Amino acid sequence: MDAVVAKPQDYKSDLKPIWCPGCGDFSVLAAITRGLAELNLPPKDVALVSGIGCSSRLPAYSTLYGFHSVHGRALPVASGLKLARPDLTVLSVGGDGDGFSIGGNHFVHACRRNVDLTYIVMDNSVYGMTKGQASPTTQADWTGSKLTPEGPGVAPFRPLEMALSSGATFISRAFSGDPMELTRQVCAAVQHKGFSFVHVLSPCVTYRPEQKGWRELVHGDFTEPYTDRRDAFLRLLDDDGFTTGILYQGAAAPFQPMPRATQSVADLGDQFVI
Amino acid sequence: MALSSVSIAMTGSGGAGVMTAGQILLDAAAKAGYYGLMGRTLGPQIRGGESAALLRLSTEPVQSPDDGFDILVAFDWGNIERFREELPMNPGGLIIADPHAGDVPALMLDAERRIEYVPFHAMSKDIHGGRVNMVALGLIAELVGLDHDCLVERVTTQLSGKGQTALDSSRAGLDAGAEAVVGVKGVPRLDRPKPRTGDRWSITGNDAAGLGAIQGGVRFCAAYPITPATDILEWLAPNLPKVGGTLVQCEDELASVNMILGGSYGGVPSVTATSGPGLALMTESIGLAVASETPVVIIDVQRGGPSTGIPTKSEQVDLNIAVNGLHGDAPHVVTAPLSIGDCLFTTQWSVHLAEAMQTAVIVLSDQTVGQSRTIIDKPAEIAFIGRRKVAETVPGERYLRYALTADGVSPMSLPGTDGGAYIAEGLEHDETGRPSTQGAHHTEQLAKRQRKITDFDYGDHWALVDGDPDAEVAVLTWGSTAEVAREAVNRARARGVKARLVAVRLIDPVPADRLRYALAGVSRTVVVEQNHGGQYLRHLRAHMDLPGRVEAFHRPGPLGLRPGEILAHILSQ
Amino acid sequence: MDSLEEFIAHAVALEEDSAVRFDDMADSLDVHQNHEVTDLFRKMAHYSRLHLAEAQKLAEGMTLPHIKPWEYKWPDKEPPETPGMDATHYLMTPHHALVMALDSEKRGHDFYAALAATHENPRIRELAQEFAEEEAEHVALLQAMLLRYPAPPPDWDEDMDPPVSVD
Amino acid sequence: MALSSVSIAMTGSGGAGVMTAGQILLDAAAKAGYYGLMGRTLGPQIRGGESAALLRLSTEPVQSPDDGFDILVAFDWGNIERFREELPMNPGGLIIADPHAGDVPALMLDAERRIEYVPFHAMSKDIHGGRVNMVALGLIAELVGLDHDCLVERVTTQLSGKGQTALDSSRAGLDAGAEAVVGVKGVPRLDRPKPRTGDRWSITGNDAAGLGAIQGGVRFCAAYPITPATDILEWLAPNLPKVGGTLVQCEDELASVNMILGGSYGGVPSVTATSGPGLALMTESIGLAVASETPVVIIDVQRGGPSTGIPTKSEQVDLNIAVNGLHGDAPHVVTAPLSIGDCLFTTQWSVHLAEAMQTAVIVLSDQTVGQSRTIIDKPAEIAFIGRRKVAETVPGERYLRYALTADGVSPMSLPGTDGGAYIAEGLEHDETGRPSTQGAHHTEQLAKRQRKITDFDYGDHWALVDGDPDAEVAVLTWGSTAEVAREAVNRARARGVKARLVAVRLIDPVPADRLRYALAGVSRTVVVEQNHGGQYLRHLRAHMDLPGRVEAFHRPGPLGLRPGEILAHILSQ
Amino acid sequence: MDAVVAKPQDYKSDLKPIWCPGCGDFSVLAAITRGLAELNLPPKDVALVSGIGCSSRLPAYSTLYGFHSVHGRALPVASGLKLARPDLTVLSVGGDGDGFSIGGNHFVHACRRNVDLTYIVMDNSVYGMTKGQASPTTQADWTGSKLTPEGPGVAPFRPLEMALSSGATFISRAFSGDPMELTRQVCAAVQHKGFSFVHVLSPCVTYRPEQKGWRELVHGDFTEPYTDRRDAFLRLLDDDGFTTGILYQGAAAPFQPMPRATQSVADLGDQFVI
């Protein structure tokens, strides 16, 4: 396939997404397929690992190898796959609940560990799949869920800041309503050597219809990626949460690949001889 | 008197060096041609706490402790009340104590014990850089008749990095100890060792499990440290890279079990090791391994429970969670090594089972076999290696990842294979792997996942069966109590009881037909295990009717079961 | 340090803290079966308590100010006679224990001596001088004891057994 | 023909409003004096997917579905192949379809079915703002003989916020539907309702569980959303504060179970609710509740397993993990509500048990009882309220948190009490709570934790026993299948079979003596449950011998068990 | 007891710590007892919740109510206790492994949730209790553990930065070798309304003997607490990890207490009447 130029359709399966019409996740699927086609990566060499949630349904809509794992655990599954199979291109996708709530610890430690994989979070500030509860990125005073009738009452999680504090080496934000910019970021993230985090504002039309207004709020002001963590931090202190673009791209070496064998298994027992 | 086996305990605290001395003694005995075993018991302190090295040296292969010790060497009696129960003495046993530590405490005394005082402390003071443990080593070796040269050689190897002065003072200590034997009488001596034929190994169960995993094909391990499993990881960490593999230390057990799911999905046989608390955290994702049919091996080195429990002590208490701890109907495999040495075989076999059946295998080792060291004959090559049924995919044709096959095992494609892309799925699914809520799909996939486990041919490895063909009593046990039970059965047979040992390696699925066959003809089945709840007996009852009168023989840790207890039970009826 | 009350409060805190610390260290070595050093530390705690009683006697009839733990005017991070917890070791010998005790008494002496030399309040100077002399006696005593406990060989802290994993 | 019960299914997708119509129909029937039941089935889409409201209306209290439906109203046939098995028809049942959706699919047809076409779509188009579900409601009510005024009243209440126009068009729809009855023949009509005596409630099992928790004394809940348990939390969130309590939404299930341990340690009875995957994450800390003797209640609303499984469908599959899913020997209590309405009693009782025994209680509800709605007589007051044995502490005296008492329950002190300070401990400990590795302490604490559970007097609440004193067949079941089994037993008795129902609420510890007594005299014991592995039967076998011939009757979901299947089995032998 | 002035000894139990002689945790125990005495809080009204690790053994050495929970879960247990019993003073203590590795998610979300409790982490950059493996705060090239013979190879976790990014409202750092400053911070943290995080550099003499050198590295340059998150961030960008003092004290309202009952339980059923 390498000689032929790939088409986005090559990466799309014939399973029809169960997402609500208008859901932002459609654009993310499109951007991933378009980005992989642009990079001309054979589908057989790409794996997509997700957790549980509306957004985590994405792998089945692709022709890639995929793992629809359990809630919150996409990153460890993806990390294990990449460490055991460094030859594969590994992407992990999921939602804000999956990634920042139940999966928050793996997110922080994946940023630190810097395994060479790409993590795309479709953030709709809500638990879509379980009927619209507040997520870590929900505003403290959002009263749209019966579970938190007074609002969650907790300061929202700041995904980019957390990623930077945790040591991620590629950090960007996109909006599902700007799929070409999102595609650009997917390509850059996949090409980045190390852990890359793409934060996608992806509206939930069902439980957060007001997010249709995001289109007016986003602005592409992360123009050139910072290469110094400090500069990126200073920039984030002024961020309103709707700035898109690639914020930061650092240069730390990715976490260790599988070494070459230097010894035969049969010889390992020699150390026990007495 | 000369014996085929002598048991020796050395106890001391705060830098007395009993563990090091124990290991030197064991290895020296190995050099001299003996077999042996060394366990340990520890106080709660990280360093300098009271500890005891628990040895048994023997002319024959041995993997079970004796009922008690023939010789107890005590440098001091710190907190002895905490672990005296772990230091039972054989009748007529000899306590060698240092007068520097005061009188032998009353709780260590009974009518049958003999006591000798040897001033280890004072003797070591007389040697420049002298150490009590070296003096004791010299004494013990001389007492039991262990060749002094073998001892010197092991000490030299052990202290090779410490320089000549340390070596000289150690030798002086050994010599002083050997000379102090004069006057100590009626000591059990070991028979001459049998001539060595092949190589011998000195190995712990945890190291053996690590080697077994690699021999089974494992090249990826992700794990989080926990007592008493960490040693497996510490052995794998430097050894996996030698054969092209990787070990990752994770942020927690949720990460480690999911990382090995990822590694295995990639086609690389993968393992993790943990203990009860960590296993509890892993069950959700072990269920994912079952549903998505991703092979993984989880080694649970059991410790005292429940909850944090007794981390440094052994108990066979995680059978319940290993067998039934997954939500939903989630058939998988549970195995248990039967001895320190068998950790190698059982772990390797478990990798083979996981790969062959594309399922999760939980290996129930425990602190006793995991952290004890033994001298064994070098194990024979084991043929098992994890072999997955790999799919022959055709680009353009729809690949059925979860195809309904006769044996329930569906050929699996590995990422990178053209035409083999599929989604490993935790939702219920049809043959293609697409999510489905239909009863027909659910039922057929449930049945397939059950069938592949139930109908698999486990061969003869499911258990060790030994003893009288016309036995009246069967001692049925599992995992690490096997060797203790074996010794009990042998002693019973020596007394004329017709007895048989059935030590089970395959805990789940219950090999009911084979068990019935192995127990055929007995009128009593004694089910032996080390826990409070009788977990294995309940598990067996759930799945089959046992023949004859069933007698439950179990008690909790931390004191390991002894052959004598089981023998007493066999004889009591 | 402005008032006599404040000075006495410091003297009380100095001895009290020292006593508590020596006891803590004794407990710690007791748990690690180092009985010789345990006994020495207990003895040191006992002496500190004796001095504490003296300081408290001086305070009779006074209302000592309440000083927040971090607002005492010590020359260093802790009261001068409080030995550093991090200097203990489970294999330490009486020699090490005596050196620690000696250091703490020396620091106590220096603390009082400095006040005796420089403070503007004559009553404080006088008391500080008394205390400094007392500390000097302890220093001499400990130095004498040290002669009976020569330094152990350099490998005194070597433990042949590795540390263990307890959870 | 007039019947005491009529079953009705309404199916449609994409905004047809079948669930709303179903609830209005049920509530209107309640207003008219009927009892009833409404379940649901859903497609995988979040919104606008295919769904069906599954009703049974009856003159008698009813909590079991019938074998099939008498009337099926279909607005369209979207993805009907996915859930046709959940829409069985009774013999002679009537399908009312909209010609707009095309012919009735072949897979819905058989010789016995009658079909009527009613143009719901076209009729609703003729009404300004008209909706198909209102037309269908009018039609169904008229068909089964439900009072039109009751229907109008419920619609008015339901749409009260929508304004007059919406109301007018809805009424026009109801009227049009009622008129369309002309020509539809041979329809089952309901008998007249019996006169109402007291209040009636319209409630789901999940709401009932929430109310039961509060009535049991719960004032703190920490939880993480998961289908099908979230409704309990969504009911508790606004209701707990009314009685001075709090609900916290947590970051995950590890946090939620540990938060309720904290709340309960503080003396406030605490609960969490989850489903299989969440329960799996909680087991380590449930073990901590057992070891530290901290009362907690965990409600597991079971769904199809294993792994993510079938989140929206019901199955009784978490018995294994609920009973045996903790590491170590960790005795605790497992209960299961016997019906939608019984979610109230069983949850309240479970809080009482947790508090009285200072242990963890896992309540095994499931999607069927949790998410179905029923009309019941207002429940009687239940006396149970969580009462902890609180310690009388004396300042200055050492308080023994884990004192060895005769019944195994040690009085507990609450923070803020003078002289009562203690450390809740997950390590094995002595009576004071101080960590200990000694065998004597371990054994006595294990025995105490076992004894308090085993020797507790559970009273008559352990099960519902009903039927013939001289029964030959016992139907033994647990949890949500109880009402289906009851209907099967009643039908068998109506045919002259001597039969008895034993529906068990107390799953673990196994109430062996009471079970033996309840099963006395039968020659057949049919163990009925909804799962693939026969989990309850295995659990019973593990702990006791069942009398007579034991017959396993179980199959997985998603289609709920029906009385007819069980009856057929009873009669087949 | 309120009338009497409390003594540190009142807060100390007669159980002797099993810590290695010289362990930094002794000073933390001393600072907590001294701080509570300074605040004159009756022991019966204070609870200490820990996870698992050497440092997590601390509660048993106090006369307070305590919960020695499981590894990584101290914060949820403490949060539940405080939410159910707002009248109590709740402290949570533990190690860097307990708090930042297995407990990392609860740490992040506790910082966000801002329940009024104090979290004291004894950080020795090692897993003391399990024989000295690398922890999240261990340097990437530390080769002292057999489990990571080449070093963990991962950028260290930055506790203060993570706390600030996560929304903690009180953040400080102390050194066990300066127990009076530590006592001051404990007092300030307990008095702070909301979640307070005290990061204590507490050497492990057994597995990290080189940490004795920390005494030379620490410097008390967080002089006045910042009240603006941005300023605190700017300050942290220059932090060497050894600056002690109170870095930041914000003013967000603590997470909801238990409300007063407004209705009788008996009336709750009325909503179901039809």
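Just so it is clear, A, B, C, D and E label the chains in written order, and each chain counts residues from 1 on its own.
We take it that a contact is a pair of C-beta atoms (placed from the backbone, for glycine too) under 8 Å apart; a residue touches a chain by one contact, two chains touch by 3 or more.
The chain lineup, named per UniProt: A, E = 2-oxoacid:ferredoxin oxidoreductase subunit beta; B, D = 2-oxoacid:acceptor oxidoreductase subunit alpha; C = Rubrerythrin.
All of these numbers come straight from a predicted model, not from anything done at the bench.
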* What chain pair shows the greatest number of contacts? -> B-D
* To do: Specify the chain most distant from chain C by Cα centroid.
  => D
* To do: Please compute the C-alpha centroid of chain D, do the same for chain E, then give the distance between them in whole Å.
  => 42
* Between chain A and chain D, what is the separation of their C-alpha centroids in Å? -> 38
* Taking each chain's centre as the mean of its CA atoms, how far is chain B from chain C in angstrom? -> 50
* Asked: From the C-alpha centre of chain B to that of chain D, how far is it in Å?
  -> 44
* Asked: Out of chain B, which residues touch more than one other chain, so two or more?
  -> 44-49, 225-227, 230, 251-252, 277, 284, 287-288, 292, 307-308, 311-312, 426-427, 435
* Asked: What are the residue numbers in chain A that touch two or more other chains?
  -> 52, 68, 70, 72, 101-102, 104-105, 108-109, 136, 256
* To do: Two or more other chains in contact with one residue: find those residues in chain C.
  => 31-32, 34, 90, 163-167
* Asked: Tell me, which pairs of chains are in touch?
  -> A-B, A-D, A-E, B-C, B-D, B-E, C-E, D-E
* In the complex, chain C residues that touch chain B -> 31-34, 90-91, 153, 155, 158-167
* **Interface residues, chain B side, partner chain C - complex** => 13-21, 42, 44-51, 76, 78-79, 128-129, 131, 133, 166, 225-228, 230, 308, 311-312
* **Touch list for chain E against partner chain C, complex** => 5, 8-9, 16-22, 24, 26-27, 30, 34-35, 38, 52-53, 71, 129-132, 176-181, 183-184, 187, 203, 205-207, 212, 215
* Structure fact -> chain A residues touching chain B in their complex are 15, 42-45, 47, 49, 52, 59-60, 63-70, 72-73, 76-85, 87-88, 105-106, 108-109, 256-265, 268-269, 272-274
* Structure fact -> Per the touch rule, the chain E residues reaching chain B in their complex are 18-20, 52, 54, 68, 70-72, 101-102, 104, 127-131, 133-134, 136, 146-149, 152, 206
